[in-house]
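I have a structure I would like to understand better, so I am pasting it below and will then ask my questions one at a time.
Letters A, B, C, D, E and F mark the chains in the order given here, with residues in each chain numbered from 1 onward.
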Amino acid sequence: MSTGAAPDVVTLGETMAVFRSFGPLRMGGDLRLSVAGAESNVAVGLTRLGHRARWIGRVGDDELGTLVLRSLRAESVDTTGARRDPEAPTGLLLSEPRIADLTRIQYYRTGSAGSRLGPEDVAPALLDGARILHVSGITCALGPRPLAAVRAAVRAAHAAGMLVSLDVNHRPRLWSSTEAAAVLRPLAREADLVIASDDELALAAAPRARTVADRVRSLLSGGRTREVAVKLGGDGAELHTAEGRDHTPARRVAVRDTVGAGDAFTAGLLSGVLDGLGTRERLERANTVGAFAVGSEGDWQGLPERRELALLDREDGATLR
Amino acid sequence: MSTGAAPDVVTLGETMAVFRSFGPLRMGGDLRLSVAGAESNVAVGLTRLGHRARWIGRVGDDELGTLVLRSLRAESVDTTGARRDPEAPTGLLLSEPRIADLTRIQYYRTGSAGSRLGPEDVAPALLDGARILHVSGITCALGPRPLAAVRAAVRAAHAAGMLVSLDVNHRPRLWSSTEAAAVLRPLAREADLVIASDDELALAAAPRARTVADRVRSLLSGGRTREVAVKLGGDGAELHTAEGRDHTPARRVAVRDTVGAGDAFTAGLLSGVLDGLGTRERLERANTVGAFAVGSEGDWQGLPERRELALLDREDGATLR
Amino acid sequence: MSTGAAPDVVTLGETMAVFRSFGPLRMGGDLRLSVAGAESNVAVGLTRLGHRARWIGRVGDDELGTLVLRSLRAESVDTTGARRDPEAPTGLLLSEPRIADLTRIQYYRTGSAGSRLGPEDVAPALLDGARILHVSGITCALGPRPLAAVRAAVRAAHAAGMLVSLDVNHRPRLWSSTEAAAVLRPLAREADLVIASDDELALAAAPRARTVADRVRSLLSGGRTREVAVKLGGDGAELHTAEGRDHTPARRVAVRDTVGAGDAFTAGLLSGVLDGLGTRERLERANTVGAFAVGSEGDWQGLPERRELALLDREDGATLR
Amino acid sequence: MSTGAAPDVVTLGETMAVFRSFGPLRMGGDLRLSVAGAESNVAVGLTRLGHRARWIGRVGDDELGTLVLRSLRAESVDTTGARRDPEAPTGLLLSEPRIADLTRIQYYRTGSAGSRLGPEDVAPALLDGARILHVSGITCALGPRPLAAVRAAVRAAHAAGMLVSLDVNHRPRLWSSTEAAAVLRPLAREADLVIASDDELALAAAPRARTVADRVRSLLSGGRTREVAVKLGGDGAELHTAEGRDHTPARRVAVRDTVGAGDAFTAGLLSGVLDGLGTRERLERANTVGAFAVGSEGDWQGLPERRELALLDREDGATLR
Amino acid sequence: MSTGAAPDVVTLGETMAVFRSFGPLRMGGDLRLSVAGAESNVAVGLTRLGHRARWIGRVGDDELGTLVLRSLRAESVDTTGARRDPEAPTGLLLSEPRIADLTRIQYYRTGSAGSRLGPEDVAPALLDGARILHVSGITCALGPRPLAAVRAAVRAAHAAGMLVSLDVNHRPRLWSSTEAAAVLRPLAREADLVIASDDELALAAAPRARTVADRVRSLLSGGRTREVAVKLGGDGAELHTAEGRDHTPARRVAVRDTVGAGDAFTAGLLSGVLDGLGTRERLERANTVGAFAVGSEGDWQGLPERRELALLDREDGATLR
Amino acid sequence: MSTGAAPDVVTLGETMAVFRSFGPLRMGGDLRLSVAGAESNVAVGLTRLGHRARWIGRVGDDELGTLVLRSLRAESVDTTGARRDPEAPTGLLLSEPRIADLTRIQYYRTGSAGSRLGPEDVAPALLDGARILHVSGITCALGPRPLAAVRAAVRAAHAAGMLVSLDVNHRPRLWSSTEAAAVLRPLAREADLVIASDDELALAAAPRARTVADRVRSLLSGGRTREVAVKLGGDGAELHTAEGRDHTPARRVAVRDTVGAGDAFTAGLLSGVLDGLGTRERLERANTVGAFAVGSEGDWQGLPERRELALLDREDGATLR
């Protein structure tokens, strides 16, 4: 059922083991172990929709590294470009529901295998035949070598005529806004598609731009960027191009877990690109896939198959039988 | 505490083992096993309220069959009319919370013991002394023999001067609307009380009727039907008789699990009949019992005892101590 | 990290083992064991905020008693005044989520060690150097000896020039409103600070007072009482003094479990007193700490550290990473 | 499937809620709730084997009382003689795996509904048509009224020509050996069948008897006792009659949980009596049913159906498929 | 990390969803969902050891089918030859720990997608470049079409010069010994390697052979069979060739779950063939891999990586740190 | 119940969060979070027996650090000498049951707060009034600063006339045998009591010593060492002094979890010293406390109170009721 065919999308980054507690960590007790990474979440979102996606990254030569690879292979993500690093452990994070819907994360990723990703891991052959390269600001934040890997990938993608997608994905615990902006502004100019929340837009747009509209305009002028997707949380999302702006309100869905919603949105958007949809349809697909992430537990476990996209049109509380 | 006395209500149908997952089935992991069946859910609703109810049906001669019978006996449902079929397994279903409050069901009931129910299982003695026979469209959908069993039961009930209650309970995975209508329209004319959601009403009413009002009117004219209960989901419920219409809004209760709400509504309605309540009070009891199903996990586990009916009048978030 | 220094606050009462089920008790199955007691909940709320708190009470010389003491010591509550009673078991309660957000409690505390607390357990030395004594109506309801212990503590606190705080905390399963009022009215006159829900106010105020305003006025006149905090549930809370009234609306937080919210409110209020905050700031802290209790599972497990007080200002659904 | 027919065996006693922890109680955490009682365990053992058994006892009018009755009804135990006592709670016990296979029990049964059982609860009609009355030393230890109930039941059984079975079942936490012997010695003389471990035998036999053989002899002479079963733990069991002694070694089975093994043994023994087996076959059945209790979790949950009795002859580690 | 290279081993059969309970099914409660199938268990055993293995089979177009494919892909089993059958559900089984180490299985596989496997599913290209075809008696028992698929695979393997391995794997619930022998005797003659427990040997060997030695001899003479592995449970295993017999005692390991031990044994044996080991070393590897299955939960989850093979030489109770 | 009195024993080291899985980590799923550290395990063992123990160490200023401190305070371990390090996270470890009783550990402790312990953390005042200092080879292996802290503590203990106890506790994942020996040999000469398994003895004894007897002799000559305890696993343990050798066989107890057994042994031994027991009685207490660790889950959770020491003399499979 899987084939050795070229992937539609290639992405790279760090995927970690996730230890999610059911209550306060300070009380001890039960946790559940799975895996997550912003970029591999996008890859899973794409394979669930029937596309081919390859993930490039490093894991340790340990059981958590095996868990990462098992999980991605299970989802039909192509791991040809994944590598075991025998000299560093697989990174992990603790995810704790602190209060109400607020989640607190603590990373154990310093010195992790994933953060040792380097440009040599991005062999051009890994991009052969692919249509989209997707990168995120998180990988850039992991250190000089992962950043170099992102840059190498972008160069190779340009050389191969691929579309480059960038999700700003700011992580304050990894770097400051100032550090992020210094790296992401030039990078954004190399990306055909830039995805950001309204808060993050400033890290990619020209510093003098002060409003969302200004920032989008700055992004759409001067560089390669032809499309900017802005996530507005409860206010939905927008897709900006030179031709104008599409807006879609957030879908009403009972919230289960908001983690991963942004990655799901990105997967839907890229799926729309691959399917040749128009801007409005792309945005709606992004919105729908994001709603699945919000309405189910986990970063990617509840993402939809293509035939499930229509499920959200059912009445809430419904039973399919 | 239980006695060998004649039941107040007799019902028949298939009760299955329910494997309910806590997350996507495709991820494997934990499930919880219990039992459910539309008709036995009604029976439990009645015994919780202090009435006597008998359930007629078949289970396999296996552990899941034992689970079904244990569960019903625990709830004081009379299983004198239950039968072990050594030649077929107990049916089962998988219940998966797909997204937000949407539940997805998959049946393993083809060839099950429960679907081998036949008219010979409905010995007239099983109805002796009972006041109400309750049947549902699900049993009719299971095949010619279960349908024949329903028809035999209805005939016997008429002969014994019992009230006949029919819940349309349409299951699209078991039969099409066309098939259902062909069977249920004549059956509805044999029922004193017809219960349906507004969507389902068309399957029981005359085909030319186009509105809820028309459909109710068609049901109330020409056959035995003297009462039609229409479930309107978030809009509450109505009870129609020749004398007019009662309406009750849905009770406000934090939703836990909507499965089983319809059966709980029916149990409340029949309880009201047994207690000789007026239409408005019957409808309110139905509504209250339905709210318990909605506000607790499981098909029937949270149904109220009679003394608990007033609990819903307490402030939400309250603690009884 | 803990020191032998004098406590800021001393409280006394019964702390019990809590068996909390996940579904109906009548179905058997899984429960979780922890501990709770209105007064020790307040003590934990205070130590979480960095204050020193001592709890006086009795537990049995059994494993549940050990659990109580372990849990309090873990939270840095000073248990110097706790006592093992070899002649009675530790009390326990069953907590069952009955429907929606309604919780049902059943006590097994008759004859418990905790209810054998007596005035001899409140050695004046246990109050040495403390600034506040906090008592609640629950301890008064446990019997003549616990009531005598409360009275002895109040007398000793007055002698030592401490502030006395009283939470009315009415428990209908322990005593009637008439019994409660007979005890609490005179006691309230001995308290500098009286805390009550609007419903409970009548049990502490003069019988002829009919409105909240009248009741507050009666409390503020004639006795020692200089401050009355009134909890209004969804309508927030008020703090009344001779100078006037402050009101704060309820904080918007997704409700997880309302049990313990009142104790958390009290802890926040007393923390404000210890920190020398003004009435408005005290009330807001009480409100914020209460919101943590509401937005997390358990009576006290989710209470905030001082540095977490600002967390509630984050957007709901946020992730700290 | 159940009928209103007369029971084969009637028994009486206290059945309690069991809270079983998975680790040390002092650590808090998870527990599982079920029910157990020595006499109702025997009743379940009998119904599993296809006999009819009635249990007489009291439970509180609370959820744990409902759990007790639900559990017994589920197992087809006749609860016609069970009674709700609105003035006392259902008793409970905590069961904690302390170390290795050693289990520690703490009772909360003082003043429980079950211990309020009295002679008026044993209406002679409840014994009508039954062949065996089974009683145990535990009920005798609960207080004067339960003891009077046992005595009334024994008298009624004698009057009805029934066989009386007594399991000594000594519980040191309920009474001393001296107290027990004073009551059980005369009672044993009224029993046709006496069941005891070798340790317990002294409590039923004449005080001057010093060896197992002497004690058995003293029991078989002078009173009604015609049969004495002695449980020897790892050394198997013996059945003594005037004609001689049968011995059976313990069955080899991987130990899961030894609680309930004695009750299972008794159920097997009584089943053999009902089936008219010879002494050797009775003893083997007792031994086999006991082995099921030892090889499965819980007091009674793993007891065998009749057709399962042969399962133990399978190789350990086998899979039936 | 996976490549599109030709597999070392190809196998075919039915892989089902496994619902494993923690206690008696009749009590309801918790289960855990995973997947298993004798042939895919072997495939996982091989990929864990670093070989390439392909599994051919059908699953339904449902969530359990997705679970099967996810699980195999996770383990790097090549699912190129797996097929979704939209017209039948994925088969499932219930696995219940009945007593001690005895497990009871109930199948829901009648009419399952897996049992609809047919010769058309075994395209010769699926065997291209492989060295071993492994089949089992279970697939033969599923019906005429699966049997035809096995036969077609064996023919194609012969044509391609591959080694054919047959595990007798008798399942009494699927067919009788007589039916099995009629099919398996001729099939065994087409297999280069025959694997059976001593009990199963009679189903593959000539009917007149009466002892293990005779049966082995009959297998090694007249057909293609050059090697016979006999599993002796606690007595270890033997490997017979024309040159003689090797025997290895069972490894001492604390038993966790014996299910899957035979498949693990087979995986070890085939791994030894692929690595070119001698008979004694092959047998020892088979024995070691089998011990991992016995010493861990699940059919295949605990199977060893190559570097873990030496772990069993550690002292039991050891900690690697 | 706790007092500010001087501790009997002071120890220092790293205590980490423990994530213990129930199955293979590579499968994801459930884990349980607690804490452990060889030295704090000893401290808990001592407080359970009624002694006063202080633990010196560092944790991060994070939730896992809070968990460590909560857990120790719960056990009445004095944490006056514990310190929050705001610049490093609390260390953690993954504990995975790999096969049978073999546990696999992976550390995430590089750069942890615990490994930043330094001599400045061991203020002499922390030892004031204590009788024993206990250190272990693990702390020495964490780096130069922790080693310096151990040395500083030993010097201070000598100055204060305290007894010094050293548990060799070799951890191959932290340092090699050569590295360990270079540090531990001179350290052992500074210890009054040396504790080691027979395997570890070589790391502390003179290099030329080749047998256990020789090694013990070398330890007892030339330095401060007056007592050597040798743990022999299944063969029990020995206690050597200048006067001779005591030996005790291992206690028979069903094995639940061997982790922590050595620390429990040490706690028992030191308890015997504090109580002034003779060598034989000290060794037996050590052996008994070790058996509790082996017979219960977790590193320290099942350690005995003083009154429980006799429990192991009960028959296995017994129930205390």
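As a working rule, contacts are C-beta pairs under 8 Å (C-beta built on N, C-alpha and C of every residue); 3 or more make two chains touch, one makes a residue touch a chain.
Just so you know, these numbers come straight off a predicted model, no measurement behind them.
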Labels of chains that are neighbours to chain A and to chain E: B, F
Length of the shortest touching-chain route, chain B through to chain E: 1
Where chain A and chain D are represented by their mean Cα positions, the distance between them in whole Å: 62
Length of the line joining the C-alpha centres of chain E and chain F, rounded to whole Å: 46
Contacts with 2+ other chains: residues of chain F: 24, 27, 29, 70-71, 104
Topology of the chain contact graph, where touching chains are joined (line, ring, star, complete, other): other
Chain pairs that touch, as defined at the top of this document: A-B, A-C, A-E, A-F, B-C, B-D, B-E, C-D, C-F, D-E, D-F, E-F
Chain D to chain C touching residues, read off their complex: 19, 21, 24-35, 62-64, 66-67, 70-71, 89, 92, 94, 96, 104, 106, 108, 110-111
Residues of chain F touching chain D in the complex: 253-254, 256, 292, 295-298, 301-302, 304, 308, 311-312, 314-321
Contact footprint of chain C on chain F as seen in their complex: 1-4, 69-71, 73-76, 79-80, 82-84
Touching residues (chain side chain A, partner chain C) in the complex: 23-24, 27, 93, 98-105, 107, 171-173, 233, 255, 258-259
